[in-house]
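Take a look at these structures.
Below are two complexes that have chain A in common, paired first with chain B and then with chain C.
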Partner chain A sequence: MKRPARKLFDLCASTGVACVLFLLLFVLTFLGTVEQVQSGLYDVQQRYFHSLFVVHWAGGVVPLPLPGAYLLMTLLLVNLICGGIVRMRKDWARAGVLVTHVGIALLLVGGFVRARSAVEGHMTLYEGERADEFESYYEWEMAIAEVKAGGECTEYAIPGAEFAGTASGGSMTFVREELPFDLTVSGYARNAVPRPASGPMGGGARTVDGFYLEPLVAVKQAEQNIPGVYVTVRDHKTGGSHEAILWGMQRCPAVIESGGRRWAVDLRKVRRQLPFTIALDKFTRELHPRTSIPKVFMSEVTKIEDGASEQARISMNEPFRYRGYTFYQASWGPPNAQPGQPLYSTLAVVRNPAENAPLYASVVIVFGLGLHFGVRLWRHLRTEHLPGRPAGGAR
Partner chain B sequence: MMRWNAPVVALVAAVWAAFAAMPARAGAAPPITWDEEVVELFSTLPIQSEGRIKPLSTYAAFKLLKLNGRRTYRDPEGWKRDSMEWLLDCLFFPEAARDYPVFLIENYDTADAIGVARDGKKKRDRYSYAELLPGRDRLLSLGEQYSGVPAKERTYTQSQLVNLASNLREFEQILLYLDFARCSYPVESPVLPGPIENRLSAVLERAPVLRVALAVLDHGMESLGQLLGEEEARRMRAALPEGIAEPDEATRAAGREAIRALLDEVDEMGLRAAGLALFPPSAPRDVAAEWLAPGDMVSLAFFSDRPIDGELALLRDLEDLAAARDDEARFTECLRRFHGGVAGRARSRGEYDTIRTEVTFYKAKFFHRSLVLFLACFLFVAIMWMRPGSRALARLAPVALLAPTGLLLAGIVFRCVIRGRPPVTTLYETILFATLVAVSVSLFIEFMNRRKTAVSVAVVLGVAGLFLANKYEVREGVDTMPSMVAVLDTNFWLSTHVTTIIMGYAAGLLAAALGHVYILGRAAGFKRGDEGFYDAVARMVYGVTCFGFLFATMGTVLGGIWAAQSWGRFWGWDPKENGALMIVLWQAAVLHARKGGYIRDLGLGASAVFGGMVIVFSWWGINLLGVGLHSYGFTSGILHSLLAFYAIETVVLLAAGAVGLRMKRCDAGVANSARS
Partner chain C sequence: MQTVKRMKPFCHIIRVCVPALVLALALAGCSGRGTVRPITRSRSVAGPSKPVRPGASSAERFGFQPAAHPQPVRTAPGPGAGEAPALDAARLRWDTPEGWQPGPDRPMRLVTYLLGAEGRTECYVSVFADSAGGLEANVGRWYRQMGLEAPPAAALAELPVVAILGQPSPVVYIAGAYTDMAGATTPGYALMGAVCERPGGSVFVKMLGPEGDVAAEREHFLAFCASLRAEEAP
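Now for the complex of A and B:
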């Protein structure tokens, strides 16, 4: 009788389990790919590939529960370490496979580190503009800032994920010792637009200052969804309350007076600070002659830090890296710009502690596979051509 | 021999006599054949089109391919003509080219929708411009209307109408192109700042004076100083005709009318001559990248201060050429001058280096000839299987296959040289390269094991690959060497990621083909009892799957690194990335299942067939989804072909299931009889 621990190890190291995991990941990848036509990339990424479990609706009606990619890859990593590295016989014939497995493990670990630690967003600049922060593509937050004389400002932020649950009803109240009021959030909508209550659809909706929030169907391009939410501020001292609608595209924040102080409350995309400043000196957009096919997009930027500046060029396939941040040429606009109209450049900004892991892992994997199949081919050819063997030879 | 040789010789002589009797250039009638030198000079004339400099012959070939579905056509007399001659007829003899049936219409509904008579036409037939003319306005209106409908939602006839309207407009651009050289301009008025020669280039030369004259007529002579500065104004005053200096109202009105009439005519001709950018700018390439059409010169002459004297000299040469169309000797002489001017300037800008190579490439018809030789090899291999005892045939077959493979390789190398790029940069090139890899690996296997299986599969894949490439080229009808979008403009990643992933595709498809041999051979009872044959096929499937797995994995990982370079992330679950991952996952599952003993030879063969389906999904199916960052690879219009492929492959997999059941029953039967 095997001990339970041994049994568990054998199961984890099993080739059969590896096959099942490969097939499940294969099915998940296929379904997630096809689903992107309906739901868009971001939604599918979150539901199928950045999750432990997912329910796929086959044909839109039949629920099909599946493990998510996080779970499958975790199990695959365990299987790989147990069966493909620890238990594997260490001899020259299997050296290539062993090296390949180490490379794949490195790739998976790099993926996990990125998923947990990487931050990404973008900065959009016209020529002559500069910025020392970048904005997330998808993440929203509620920012509460005290407005003081002289432009001084203290900000508190509530991540969007904390109040997104109010979309299905109910409310959430946020309390902070430093604030002289409680803030209650309700009626979150991932994509919404404020409308005048006097309009044809305004009857029955919750109205604030003559407006209500109309939820819209979320669009596939997730970054184009503009959320909205109702907030109620209750003053600790007076007990008085004030209601407001916050919408992602509103031009200025809601201003609240509480405890004799003025506060601005804003719904905005998450902003992250850079430890240096980037200025856009020049943006070049070139098309192939007499076509609308893009040939070159290039941003000439200056990195400014502690008074020292350094110039760099960022174009497709040629990012700029500095202090763990990488800047990529992502897009430009306005989309229908007329000749001579100023253009802006959008730079994608990524900070990924495991940025180089895929490269190192790739080298290891390719070396391992090359070694393994090279050895196999050599042995096969030798066997095929041994004197006295029939054509085709025995294995 | 003599009995049948005589009539053949007589027939050939009669055809030759008829051919020779036809006037090469008779009056305004279209020439039956263009002089060889003329065709050669036009073929090697450079033109800027779709963002690159290419020979005019390439431009002509793809234009005709788009309209006509092939690079040749039959003129009303039934003579087969090539695309260069067609373009020359369109440019220089538009009155004849109107009657050439070069518009391919796929169904009656399209013709009926625009109200075109289709008496005597087949369902899929070719129409001339003259035949389409009664329905022209309706066609353009419907084309515009349906182009607003998303491509995926258009009916077949709507798509046909959109394409036909686009083809008609492109044809008209060519047909009307040289109207500027045939037109008579109203330059005789005495109030014009003249004399002006009756040709566009002369009018454009006088454009600054005409502009000033119009300003003087509108605002008076005193406006000139403010407009141009005193010195330039003094110079211009001298160039203006007498009456304009102190015009009375009648002179003013007549002058305005004369100039406006001239400018209207010039404007109209400029619009007609906006299509073919045949004129390299005098300035260096980094200063002025865009070549000019006469229409551009009109805009530059009247609306900019950029000097275009050098371009106007070439325009004069083209005008002379157009005027000399009925005088063969003079036409050739003018053409030599025009060609020399354009090619010389292109050469000085470093834009003529690959023109002759490209003309040679298309003339050599590498891929067409390779396909013909593959078909011949197919017959050879069929004979080889019919004479199983012949060792000579078996030895000769892979050697024979080297010829079409060599042609295919040569064609790909030519394309690399012309483009200065690695072998795979477009979907079309993926087919060529995958075919080359699959055939080469097959030949390698054949030379190793001499079992006749790999060489047979190589022939089938060679024919299928080149047939598909040809179909794809005809269907798309656009230049297969297009300008690269910014994200693809990197030879390093194109030569590493793209090349390796296509090698992975090719190997996977080869494994699938070998899987078919295993399954269908077993199902049909081929080589029954010869287990050595099936063992060998299974070993080939395994070996090629390993090869494919190696390259698919390398390609996928390299793609991730490229994505990290250009998009900022290694992996984004984009559909094209997922397609590559699915191939890797499937092949990993198959190799592990074989190692674990979960599948045996038949299972391996069936897995390889299914792997082929996965590869086709990744290669083509995903392009139909129309989502993701790999938008440069989107495709449409191949859904039915894909569905047919999947239906056939499903039948093969069902056959594999049936074979498995039969083998199980046989094994059980053998075990029972052994027990009894």
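Now for the complex of A and C:
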């Protein structure tokens, strides 16, 4: 009778488990690709590939629970390490395979690091403008900042994921010692529009300041969904409360007074700080003659950090990399700009600690495969020239 | 015996995977979040990220009223209407919102834009030398196009407004099933329209398409309306 630990290890290292995992990955990829037509790329990525479990609705009616790609890849990594590295016989004949497995494991680890730690967004600048933060494409947050006449202030942020659960009912209260109030969030809608309560469809909805929030069906292009939420601010000292609707496209934040101070509460795309500043010096766009097809579009930027500046060019396939951040030339606008009209440049910003993992993994895999086939060839040639074997290699 | 041996790995899989699955689900269930949570993120900033307008109403924040310029709703030209010059469509200018693509020329339209993810939504401007039936008739027609009954005349006075050519212009947002001129009905559509009645003519701005697209472009629509301006005659 094997010990349980040994049995568990054998299971983890099993080729059968690897086959099951590959099969499930195939099924998941197929179903996710099909689902993408209905739900859009971002939603499918989150539900099928960045998750532990997923329920796929076959035909829209039959629930089919499946492990998510995150779980499958984790199990695959464990299987690879146990079966393809630890348990594998260590000799020259298998050295190449072993190295290849290490490369694949590196690829998987790189994927995990990216899934957990990478952030991406964009910054849009006109010539002469500068920014030290960038905005997420998809993530939203609630930002609370004190309104002061001037000078710096502290901004508090609540990630959208923390109050998204109120979409199905209930509420969530957020507190912070430095704030003279607590903030209760309810009625979150991922895609919504505020409508006047006096309108034809205003009856029965929760109304705040003459408006109610009407949830809309989420659109496939996730970045086009504009969320909305109800907030109630309760003053710690007086116990008084103030209600407001926050909407992702509101022109200005809701302003509340609490603790003798004014606070701005906004719902916006997540903003992330850069440890340096990027200034757009010049944006160049050239079109092919008599077409609207771009020939060249390039941003000349200055990176400013601690008073020191460095100039760089960002163009198609030529990003600018610095301190773990990569800036790509993403787009420009306005799209129908007339000749002479100022243009803005949009730079995609990505911070991926495992950015080079695929490159390193590929090098390791190529080396491993080269070693494996090299050893095989060498062994073959050596066998062919063994004494007593007939010339010409006939067996 | 062979069959039993072959079954063994699968028994192992079931023995280990099922408890693991149950444990994972239990952990997921136990990660229930309390209704009170601390705000953990903070950072120093130069100020709020958007311009702050203390005292702004929800209507102003959501773009239903020009910010800081609340205007009374007027559904008919005011005093002095007869003295105004005629509206010259050729002198109208505007700012094209980001992502809007010029569409093909159509009769009775000054300009058409295609927008939205699949270009199924269009927004266009029509200019008339007269009132073209007026606010009530046109808004009623739009409601009927969307499969709804026309609102009572009194409700028009409650419509939000946007400033077009300096004129407070009522804006409607209608969601429903759109019936086109051929009689085909498409559910899940929305119509957003603004009516500018001014001395010497009228301007209609209309956006029509899938509800998600129209809702997403709402702010652009209002900005587009507000950007309409008449170039001065040389």
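Criterion: the second predicted complex is superposed on the first by the 352 of 395 C-alpha atoms of A that agree within 3 Å, B and C clash if a C-alpha of one lies under 4 Å from a C-alpha of the other, contacts with A are read in each partner's own complex, and residues count from 1 in each chain.
In this text, a residue touches a chain if its C-beta (ideal position, glycine included) is under 8 Å from a C-beta of that chain, and two chains touch if they have at least 3 such contacts.
Owing to the predicted nature of the structure, the values given are computational and were not obtained by experimental measurement.
A.B. asks: In the superposed arrangement, does A:16 touch chain B (first), chain C (second), both or neither?
C.D. replies: In the superposed model, A:16 contacts both chain B and chain C.
A.B. asks: Using the superposition on chain A described above, determine whether A:316 touches chain B (first), chain C (second), both, or neither.
C.D. replies: In the superposed model, A:316 contacts chain B only, not chain C.
A.B. asks: After the superposition on A, what does A:154 contact: first (chain B), second (chain C), both or neither?
C.D. replies: In the superposed model, A:154 contacts chain C only, not chain B.
A.B. asks: Name the contact category of A:186: first (chain B only), second (chain C only), both, or neither.
C.D. replies: Neither partner.
A.B. asks: So, does A:74 touch the first partner chain B, the second partner chain C, both, or neither?
C.D. replies: neither
A.B. asks: Contact-wise, after the overlay, does A:244 reach chain B, chain C, both or neither (first, second, both, neither)?
C.D. replies: Once the two structures are laid over each other on A, A:244 reaches chain C alone.
A.B. asks: Applying the touch criterion given at the start, work out whether A:284 contacts chain B, chain C, both or neither, answering first, second, both or neither.
C.D. replies: Neither partner.
A.B. asks: Answer with first, second, both or neither: which of chain B and chain C does A:224 touch in the superposed model?
C.D. replies: second
A.B. asks: Starting from the residues of chain A touching chain B, keep only those that also touch chain C in the other complex, and list them.
C.D. replies: After superposing on chain A, chain A residues 14, 16, 220 contact both chain B and chain C.
A.B. asks: Chain A touches which residues of chain B in the complex?
C.D. replies: Going through chain B, the ones touching chain A are 48-52, 277, 289-291, 448-451, 482-483, 485-487, 489-490, 493, 532, 535-536, 539, 543, 546-547, 549-550, 553-554, 557-558, 560-562, 564-575, 578-579, 581-582, 585-586, 588-589, 592-593, 595-596, 598, 622, 625-628.
A.B. asks: In the complex formed with chain C, which residues of chain A make contact?
C.D. replies: Chain A reaches chain C through residues 7-8, 10-11, 14, 16-17, 20, 52-53, 71, 141, 143-145, 147-148, 150, 152-159, 162, 165, 170-176, 179, 182, 191-196, 198-201, 208-211, 216-221, 224-226, 244-245, 247, 249-255, 262, 264, 266, 268, 271, 273, 333-336.
A.B. asks: Using the touch rule from the top, collect the residues of chain C that touch chain A in their complex.
C.D. replies: 9-10, 12-13, 16, 24-25, 28, 33, 35-39, 41-64, 67, 95-96, 98-102, 117, 148, 151, 155, 158, 160, 173, 175, 188, 210-213, 215-216, 218-219
A.B. asks: Provide the residue numbers of chain A that touch chain B in the complex, in ascending order.
C.D. replies: Touch residues, chain A against chain B: 14-16, 18-19, 22-23, 25-26, 29-30, 32-34, 36-37, 40-41, 44-45, 48-49, 107, 110-111, 114, 120, 220, 287-291, 293-297, 315-319, 326, 328, 330, 348-350, 352, 355, 358-359, 361-362, 365-366, 369-370, 373, 376-377, 380-381, 384, 390-392, 395.
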